[in-house]
Amino acid sequence: MEYRPYSRRVNYYETDQMAIVHHSNYIRWFEEARLDFLDQVGLNYREMEKSGLIVPVVDVSCRYHVSAKYDDLMDIYAYLTSFNGVRMDYRYEVRFHDSGVLSADGISSHCFLDEKRHPVIVKRRDPALFARLKELVEKN
Amino acid sequence: MEYRPYSRRVNYYETDQMAIVHHSNYIRWFEEARLDFLDQVGLNYREMEKSGLIVPVVDVSCRYHVSAKYDDLMDIYAYLTSFNGVRMDYRYEVRFHDSGVLSADGISSHCFLDEKRHPVIVKRRDPALFARLKELVEKN
Amino acid sequence: MEYRPYSRRVNYYETDQMAIVHHSNYIRWFEEARLDFLDQVGLNYREMEKSGLIVPVVDVSCRYHVSAKYDDLMDIYAYLTSFNGVRMDYRYEVRFHDSGVLSADGISSHCFLDEKRHPVIVKRRDPALFARLKELVEKN
Amino acid sequence: MEYRPYSRRVNYYETDQMAIVHHSNYIRWFEEARLDFLDQVGLNYREMEKSGLIVPVVDVSCRYHVSAKYDDLMDIYAYLTSFNGVRMDYRYEVRFHDSGVLSADGISSHCFLDEKRHPVIVKRRDPALFARLKELVEKN
């Protein structure tokens, strides 16, 4: 299966008075692309939460290179870079769709919690999810 | 007890490329002022949700008069205008703190739901809340 | 030309702790659909602003019927309902893509300002835009 | 002069369906605290932008420790940690006001641009700002 980057236009309400996208929105775009990636590989996050698993962010960072502007079409690439059974890491690239130029890149790290917000050993709780995430990291 | 309007500065991230506050943020300011009003009259909304009552918005509107800009100090007035036991209505005024000039005004309407998202008869479920809301409307 | 509604999924960051879309986001979706509509009819708003014309919101309202949730695919319909040369009005319907059920509907009104934020007589400043908007209202 | 941390309550619209603050909002709180810090030391950012200087973010990161919830009162500390004449760096701590417990911490880096979005040598363009920022870093 071929991975498609997540594509979306910059919304007007995402700009600030510098006439560029407010930097906090890139963190939101990372989330959009990450959840779209999970959906593409058969791990729909809505279903995951319904099963009682939540996957909060424990670390995020972003470097800004070229500002995106209103109406620009952006491609956001999300890559699962590591998974050790209790934590997973992603890397992101935000590129202008037309030129391929890098607008920003970053990372995020996530843990796994159950309904009571206690840490989860993924291998014990959901072996299929464990196997799939391991497989996805190896492919990368 | 004297009602204090809710005061807050305009955040940079609330501006858009017109160099004014994006209009959607006024809807959020209405919420800030409404929940602050409820807190002032002893009806903390966090406690209300803990007791299983949620109070979603069913109607909202806003008219924009003079644009607020980054760093402006704004006073937001929330008035409970009606309550009939299953629905309550608010009116809002957003004013520049320094001049008193009206930036925007609006209204919102709310219903009451229980944990299962079913409509609630407030008088039956929480007579004290019913009495307090009735009293607040009459005072206005 | 056939008008396509604006389609988009609900983002995770658009939900609140009621586990539904925060109501303020519908105001943002109206904007997304309105600017997409303008683009479809050849009136790209980025180009409009570049030409020195800005079109702020002077009035907005929204009624909420059925809550949208994370990952729901929504169709947002924007209709230009009136234009009198100094002001234009839109009506919106937000529908669940799969069922067609109405999630929310609303309206917005807009004025036209120049670079100095002075009101603009559209017919004088931009006769082509005037004619196009008139034509679009009549079609509706 | 004594530095006061920036204090604010968590807004309802800042929560997500995990019933905690959406992580992207911490990046916005960093901005609120940073601009408040600058204001406290006599460097109002609104004035800075009026003078033609803009100070975009080039790097940001945040580690999340204990989730903030709706209505929690948070203290956000912003520290200017370095300034070399073309770039400045901040460190942040987000603490629960009541307990002092660390909710999150992070950093941001910034460059200086002029009206045409060209890099600025602060010492040449605004010697007073240069001196003040140098002084603030040494104090820390």
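Points to keep in mind about this one:
Each chain carries a letter (A, B, C and D) given by its place in the written order, and its residues are counted from 1.
Convention: a contact is a pair of C-beta atoms (placed from the backbone, for glycine too) under 8 Å apart; a residue touches a chain by one contact, two chains touch by 3 or more.
By chain, with names taken from UniProt: A, B, C, D = Acyl-CoA thioesterase.
Note that the structure is a prediction, hence the values are computed from the model and not measured.
When chain centres are defined as mean Cα coordinates, B lies farthest from subunit A (Acyl-CoA thioesterase).
Distance between chain centres (mean CA atoms), subunit B (Acyl-CoA thioesterase) to subunit C (Acyl-CoA thioesterase): 25 Å. Averaging Cα coordinates per chain places subunit C (Acyl-CoA thioesterase) and subunit D (Acyl-CoA thioesterase) 34 Å apart.
For the pair subunit A (Acyl-CoA thioesterase) and subunit C (Acyl-CoA thioesterase), the distance between C-alpha centroids works out to 29 Å.
Shown for subunit D (Acyl-CoA thioesterase) are the residues in touch with two or more other chains, namely 12-13, 17-18, 20, 24, 28, 31, 70. Because contacts link each chain to all the remaining chains, their graph is best described as complete. Interface residues of subunit D (Acyl-CoA thioesterase) facing subunit B (Acyl-CoA thioesterase) in the complex, by the touch rule stated above, are 11-13, 28, 31-32, 35, 44-46, 70-71. Residue ranges of subunit B (Acyl-CoA thioesterase) in contact with subunit C (Acyl-CoA thioesterase), taken from their complex: 17-18, 20, 23-25, 27-28, 31, 49, 54, 56-64, 67.
Put simply, subunit C (Acyl-CoA thioesterase) touches subunit D (Acyl-CoA thioesterase) in their complex at residues 12-13, 15-20, 22, 24, 70.
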